[in-house]
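Report on one structure; see the data block that follows.
Chain IDs A, B and C follow the sequence of writing; residue 1 opens each chain.
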Amino acid sequence: MGEILLKVKDLNKAFGKVVTARDLNFEIEAGVLTSIIGPNGAGKSTLINVLTGLLPLDSGHILFKGEDITGLPTYQRVRRGLCRSFQVVNVFPELSVFENVEIPVLAQMKKAGHIFRPVVKEKAVAQQVMEILERTNLAGEAAVIASALSHGDQRLLEVGIALAAKPSLLFLDEPTAGMNPVERVDILKHIRRISASGETTFVIVEHDMDIVFSLSDRVMVLNRGDIICDGGPDHVKGDKQVRECYLGEEVVA
Amino acid sequence: MSTKATYAIYLGIIAGLAALGLLGDRFMVYMGMRVMLLAIFALGYNLLLGRTGLLSFGHGALYACGSYSMALVNLHLTQDPLLGILAGVAMAALFSLIVGFFCVRNTEIYFAMLTLAFGMMIFSLIWNLREITGGDDGLVGISRGSVFGLPIVKDGQFYFLVLFFFGLTLWLVHRIRSSAFGLVLAGIRENHQRTSFAGIPVKRYRLAAFVVSGMFAGLAGSLGAMLQYNTDPFSAHWSHSAEPVLVSLIGGLQTFSGPLAGSVVFVVLREIIERYTQNWMLWFGIILLAIIMGLRGGVMGGLEKRLRQRAATRKGGE
Amino acid sequence: MLESIVHVCLAGLSQGMFIWLVASGLTLIFGVLGVLNFAHGAFYMLGAYFCYTVLAALGDNFWLGLIFGPLFVCAVGFLVERYFLRYVYHLDLPYQLLLTFAFVLIFDDLVKIVWGAGSISSPTVPGLGGSVSIMGRMFPTYSLFIIAVGPLVALGLWAALERTWAGRIIRAASSDREMAAALGAKVPWIFTGVFVFGVWLGALGGGLAVPYVGLLTPGMGESIVIEAFVVAVIGGLGSLKGAFFGALIIGLLSSFGTRFLPSFDMFLTFILMALVLLWRPQGFFGEASR
């Protein structure tokens, strides 16, 4: 058993009459690669948005490493080690790949506020940035403007920016969305490798079943704001309710 | 361009301006000062607009904070110009902190409108508090005194004080732009949501950018009051905030040298047009149209692009 | 005391309706095109000058001036949208603002060249030039006329947008450009049309201003466009209903301010604007997420 990183207590969130989270209670354990799946409109994206501070919740509590972070602004959560990537490419388009990763590294090393020291003199920062670019296989593209990257590389950069904040818990929101099969296999390889290195615990929010079952230690199935199933991939695969509401023909086929 | 080359170019500019101060006639000297004051204002302003991506209509009021604080200190307390300038910059910083605290909660058009509202509040205070600010006459009778025993009464002497602060601004803004802070500001411009997910308190950085650019406005304002020997209530009007926007746009929003080139073009062009026609606004409007429709990156942006293209083709040819 | 309050209210109402006439076009253009049109004040000024010229040419007939004057301004507006504004819709806010600002500079100087730099005093309107007695004090008839015109314009706009086919298309185009284009609506032409119509509203305001402000000066549009900005912001950018009530609030506030706190009239207006922006950035009637 690893340390409990995230603890969600009685979380509720609704948009008008549409309930996207109903009395959710769950924990995320360090070192366990967890996936959250569910059909469209199940409340997956809303859940990440609430947990990372992009949206306010209606009621409930979020504890991170034992500390109540329910009301904290986004950057405070990031500083405590809770970060995310985005479903659509969400990088700094006109900055270089290096600079894209440099911003979170500067923040993480508490050097973002240096106002007169040239940023090129921050050797420790540059070293860290290159390390992350190597881990995400982008070292060769360091000087390229982000908007000029291929879509697959932009997705990798997306993960790289999130990793640069040195999170202990990282939500990946559909990391393979819009990728071709080759890129998809590639990024999964990277995620598995980084996950195995142990610094960061991943929670993957996905649509694609193959990814979820091949990668995860634990799968949570969300439907209309409720957790309808939670357990190992095999357990979830065999669950009747999950089959009915969501997997259905996909698994049978 | 390497840092050394950049510094060499700016040293060249300073040297050229120093030569102008020594050799130029009264008119040239006066024009030189006007260009430098506008450049100080615009270089600072562009940290907010070009770097952080925030359009402010309140910087005229911050300029006026500098002017009036300088003038009040000069008329009532001490004629030491450096203390006056210090007071001007400090007061502009204080006001930008207060105004900025409220304004940075919003972005885009709502930010612009909020700065307009606060700027116009300051304008109406200056306009109506006659006993303190002189109302529509402004404050008159500012004296320049001397700096460390060197007299700066004549324009030819005052010029070098302006040149000193111009050089200082150039250096400071360059340092800020190449610092970690400057990179984070560019990140906020590109994607403020992602910046907060990088662990950056975005509002606080926006506020810092606002205050820093407000301090340069205050510096320009206090020097401007000394140049004209009086303060102008209309410098607080929102339309005065449009000046650095125009200048940055003419020169190029995203480049460091943009506001510099823009200031020269703005002041010189205005002088030339006014010499030949009565309708300076008409011609300036037309030029502005041409710039927006044609040269979207501004003069320096266009040049930079041209250079980059040439470098790229050269590389491709090898 | 009571009659004084009544008169201050009436003055506020007429001032408010007058600002509404200008703010309506500004708001319509922002709502549909997403452009904050600095030049709106310049169109207002052009409206005033063209109306003046037409009415002077047609034997001092104010009504003919009011009908034909704004049409000339519409032609100018058409050229501005078709050949310039259209190319900056996709650019950042500063570029759009500065493009319209460039037209302010150009039109202000053109007016100086054509009509002279001095101010022109305007004629009175036959039948509306006098004053009527309200509770024992005289009140200008023309101001009462403006108070009546404002709601009429509001009603007409509402009917045009809610009850006609063109209005439905305009609303569709403003809420979702791509969808409207897919439905076959010619979005660029809708934009041109809306811009020209907004310009017409501004020019009409200018025409109506001819007897109201009494003096025509180059640059007369600059203060009113800022007031219209304030009104549009308070009501909620893009919301016509908001602009109408915003104009009433600002008219009354400035009228009471002038009467009781003459030095802080402008201060009050802008502090109200700031408070609204801080408390409810979308304004009183704006949609929550824009």
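One rule holds for everything that comes next: a contact is a pair of C-beta atoms (placed from the backbone, for glycine too) under 8 Å apart; a residue touches a chain by one contact, two chains touch by 3 or more.
This is a predicted model, so every value here is computed, not measured.
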item: Intersection of contact partners for chain A and chain C; value: B
item: Chain closest to the assembly centre - both centres taken as Cα means; value: B
item: Most widely separated chain from chain C, with each centre as the mean of CA atoms; value: A
item: Whole-Å gap between the CA centroids of chain A and chain C; value: 49
item: Separation of mean Cα positions, chain C and chain B [Å, integer]; value: 33
item: Between chain A and chain B, centroid-to-centroid distance (C-alpha), Å; value: 42
item: Residues on chain B engaged by chain A in the complex (per definition of touch); value: 3, 172, 175-176, 178-184, 186-187, 190-191, 193-202, 205, 208, 212
item: Residue ranges of chain C touching chain B (in the complex, touch as defined); value: 36, 84, 87-88, 91-95, 97-99, 101-106, 108-110, 112-113, 222, 226, 229-230, 233, 237, 263-267, 270-271, 273-274, 277-278, 281
item: Chain B contact footprint on chain A (complex, rising order); value: 52, 54, 73-75, 78-79, 83-84, 86, 90-95, 99, 102-104, 106-108, 111-120, 122, 125, 161-162, 164-165
item: Chain C partner contacts - residues on chain B that touch it in the complex; value: 49, 53, 55, 102, 105-106, 108-110, 112-114, 116-118, 120-121, 123-125, 127-128, 238-239, 242, 245-246, 249, 253, 278-282, 284-286, 288-289, 292-293, 296
